[in-house]
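Each in structure tokens, the structures are laid out below.
Paired with subunit B in one complex and with subunit C in the other, subunit A is shared by the two complexes that follow.
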Partner chain A sequence: MISKYWAVFKISWEQGLVYRLNFTLWRVRSVLQLLLVYFIWWTVFQSQTQVFGYTQSSILTYIMVAALIRAVILSSRAIDIAGHINEGSVVNFLVKPLGFVRYYFSRDLADKLLNISFVLVEIILLITILKPPIIYQQDPLILLLFVMSASLGLLLYFAIAFIIGMLAFWVESAWGPLFLVTIILEGFGGGLFPIDILPRILTDTLLLTPFPYLIYFPSRIYLGTLPPAEIIKGFIILSFWILVSLLLILKILDAGLKRYTAYGN
Partner chain B sequence: MVTSFNKYFKVWLRFAINGFQTQLNNRFALTIFLIGKILRFAIFTLFIVILVSKTKALAGYSLDQTIFFFLSFNLIDIISQLLFREVYRFRQAVVLGTFDFYLVKPINSLYRSLMGGPDLIDFITLIPLFGAIVFYMSRLQMISLPSTVLYLGLIGVGFTIALSFHILVLALAVLTTEVDHAIMMYRDIVGMGRFPIDIYREPLRGFLTFIIPVGLMMSFPAKAFLGLLSPALIIYSIVFALFLLFFSLKIWNYSLKQYSSASS
Partner chain C sequence: MPPVILVKNLKKYYQVNQKEPGFWGSVKSLFYRKYYEVKAVDNISFEIDEGELVGFIGPNGAGKTTTLKVLSGLLYSTSGQVSVLGFEPFKRQTAFQKQFTLIMGQKNQLWWDLPAWESFILNKEIYEIDDGQFKKVIKQLSEMLEIEDILKIQVRKLSLGQRMKCELVAALLHSPRVLFLDEPTIGLDVVAQKNMRDFIREYNKMFNATIILTSHYMGDVQQLTKRVIIIDQGKIIYDGLLKNIVEKFSSHKVIKVDFESEVEKKQLESIGQVKEFTRLHAVIDVPYNETAKRSGRLLNKFHVADLTIEDPQIEDIIRQVFSSGV
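What follows is the complex of A and B.
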């Protein structure tokens, strides 16, 4: 049972290594995006010691951790399902003894592992070159909560991307909704800035949506400044969204497959 | 010359009408992408407003000035995307061999490859952007005929550099069939010019000004309007843009000589 998905994982990993130029350029692009955000905040702290309750070291640590999380979470292959639906190759899954969701999740994990290994090297290089005053979190409990929140965030993004991919059962292209979600994630998920710099009412509203739990929440946990009550509340909301999105996957997949018609030879 | 211009303008209008009609066929995607682009613009603007209102200045620039830099970046970026959207689809033309048809038609193949698919979404977003730029120009209280002419001239320089980069991407596509990452790399590098180039630390700032001319493209127009650019740098940017355009055309011609068609 597991060996099937282990094989999918290994093949996806090897595929990632085959298209080395593609992968390298994707990583270079991520570094460029990181540099823009990094230098905005670096400039701000040339004339201030504290802004929005963040010190230079806490915000630059946030930026680096957010970059790491983003590389892990956004490197998802779940959206490939849209292409498979549009091309008709999704029909292969219907006749093979392979779990639809588990297949894509195995591919997702392989892609994430590849990205993690690269992003760690990039961040170490950037820290060596730029020498930012980074906070090295040493509290094992906080590190454990950080890993847990990032892992749950990974699961949530997979579910969101998978749901968007399945829209291809109904619409011609699912890239538009994914583009929209990526923009919301960058802006209101904490990719560009920690969302608690926004007006309080906006932050509180956003914290009820799934987006901040993908980048902002794990990054804030890593800083070690989030009160325990907020961490518990965050995990409850995050779990709620995972549950909702997993249920939605099952419902949408069922409805989509009922609607799907294949033709040809 | 005028006849030739008229001919190419008519052809472009036909490309634009065809492109817009195609996009209007898929209204769902059009709406979503339009909302996405507006949202991205709004998020960046909100971020700038919140950040610079709190810190009073960013790299020495006031809130209005920082927004003006951001608007100027968007102006060059959106015009480039509006006009050169076809570059994003060029790989298909090379791989499938349809580029052969571009070469045999009585329209310049570079023109066809660059401007064959204007983007309706960018056209829609361009109109309010013009309004915002004029509004911020008057708010900055620096508006005068020389500063406006200089600003528009350097927007032209930025646009020429953008044009040159798009030509280089096309040439790369002819030589290697690689487009997607090259054009997205260009977008990401250029995206570093959303904020005044002064936010970057040396040697990165120098690199982004003189080697990869993001600063020259995106920051110089706003700087010139604010009276912060020396005549030497203005001349340098014009010479650089012309040289880059000349170089990109040479590379394009070289790539055509190497082209062997997908079917051969």
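What follows is the complex of A and C.
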């Protein structure tokens, strides 16, 4: 049973390697973005030692960790489903004994693994060159919580992207909504700055939405300064959103397939 | 034995959202939708037995693809009964999916950027085919199709004919008992078309597979199938032996003749209806029951170098069926 999806994983991995150029460009873009954000913060700290309660080393660490998490989370193939629906190749999966969600998740993981291996190299290189005052988290509990929250965030993003991809069952293009989510994610997901530098009320509101749990939450946990109560609260909200989105996936997939099989494409 | 495929009073009506043109049209359609119905398949019934190879023919838009999609479980029917191998297709049960395949001439399942081999491996896992069986089937199919040496080449670098062959292998790896082939020869050159037909015929014989083949090329049907189902505007207008319909609508035969010396077109008009003429060659339609008499007259009156008598082209017959009904 699992070997089906292992095979999907492997072929996606090979496919990923074929698009080396695209992939390299995507990685270059990520590195440039990381450098940009890094130097903005670097400049901010030239004149002061504390900004919004963050020290230079904690913010630079945050940026690095967030870049790592971005690479893992945003490298999602779930949105491909939209193209597959539009061009009709979704037929290929529908006539085969293959789980729809599991299929795309396997492809997702392959893509993530590819990205992780690259981003690790990039970050190590950057650290060697820039020698930033990075915090090396050594508390095993915090590291465990970090990995857990990042994995759950990965699941959550997959679910969100999958849901948006499935919009193609109803509308011609799902790129609009995806673009919107990407923007929100960059801004309020914590990819560019930790969201708790925003006014308190805004941060608190954002923390009720799913977005900060994708990048901000795990990165913030890594720093090790998040009070236990907030970590627990975060995990509860995160689990809630995952549950909601998984339920939504099933519902929407069901409705989408119903529509698809009723209307054709 | 119950029929492998059973279709009874099947209807498939598409609801189509009538969009008004322009931006305001699409805004309006968000709130207020007008639907109209397309009767793609309109009350058809047929049965197909194990091992039959049936041609499903009709002009574009007749409802062929729609029927195959219903049979494959990709579309819910509007009403009627459909059963394939005893399964209701739309339930998309694994046991059913492991026993049929759908090949659409214009769609592909191979991973474009990788060698076909990789896609085969993937299907092996998806259909849970064991190693021995996998090797056996690959060997058998790739010998039949003569593609042993292209399996490791990136699919995008193959010719359309080669790619289609690989598509076939991918679609047949799990040794399906039922094959739905939707316009499998579309876009192929003459040689590739012939290869494809030969393969389908051979596959049908070798594995006793039940096959429905849709086409709007008569050539496919003429050379492959005994039984044809002719569909037009969602309705079946003929279901039976190809031979019978050819006979029924063969009101005439076609005489093709080469002359030793030049003749005048006028002289030939007493023989029959002259369809083609070039002083040394002519194609003449003659009434069916006068074939012997007229060809005799032709041989007597002219210096004939060569003469053949043929049935009319099947395209012509089908055109007659469509215009006059059966």
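Just a few scattered comments:
In this section, the second predicted complex is superposed on the first by the 260 of 265 C-alpha atoms of A that agree within 3 Å, B and C clash if a C-alpha of one lies under 4 Å from a C-alpha of the other, contacts with A are read in each partner's own complex, and residues count from 1 in each chain.
Throughout what follows, a contact is a pair of C-beta atoms (placed from the backbone, for glycine too) under 8 Å apart; a residue touches a chain by one contact, two chains touch by 3 or more.
Quick caveat: nothing in here was measured; it's all calculated off a predicted structure.
With both structures placed on the common chain, the touch criterion links A:116 to neither subunit B nor subunit C. Judged by the touch definition given at the top, the superposed model places A:6 against subunit C, while subunit B stays out of reach. When the two structures are aligned on the shared chain, A:177 is found in touch with subunit B, with no touch to subunit C.
Judged by the touch definition given at the top, the superposed model places A:186 against subunit B, while subunit C stays out of reach. Once chain A of one complex is fitted onto chain A of the other, the partner contacts of A:143 are absent, as it touches neither subunit B nor subunit C. In the superposition on chain A, the chain among subunit B and subunit C reaching more residues of subunit A is B. Once the two complexes are laid over each other on the shared chain, residue contacts for A:237 go to neither subunit B nor subunit C. No residue of subunit A contacts both subunit B in one complex and subunit C in the other. Per the touch definition, subunit A reaches subunit B in the complex via residues 21-22, 25-26, 28-29, 32-33, 35-36, 39-40, 42-44, 47-48, 51-52, 130, 171-173, 175-177, 179-180, 183-184, 186-188, 192-193, 197-198. Taken together, the subunit B residues at the contact with subunit A in this complex read 26, 28-29, 32-33, 35-36, 39-40, 43-44, 46-47, 50-51, 54-55, 57-59, 178, 181, 184-185, 188-189, 191-192, 194-195, 198-201, 204.
Those residues of subunit C that touch subunit A in the complex are listed here as 14-15, 66, 69, 72-76, 90, 92, 94, 97-98, 100-102, 104, 107-109, 111, 113-114, 118-119, 121-128.
Only residues 3-4, 6-8, 11, 14-15, 18-19, 88-89, 91-92, 94-98, 258, 260-264 of subunit A touch subunit C when the two sit together in their complex.
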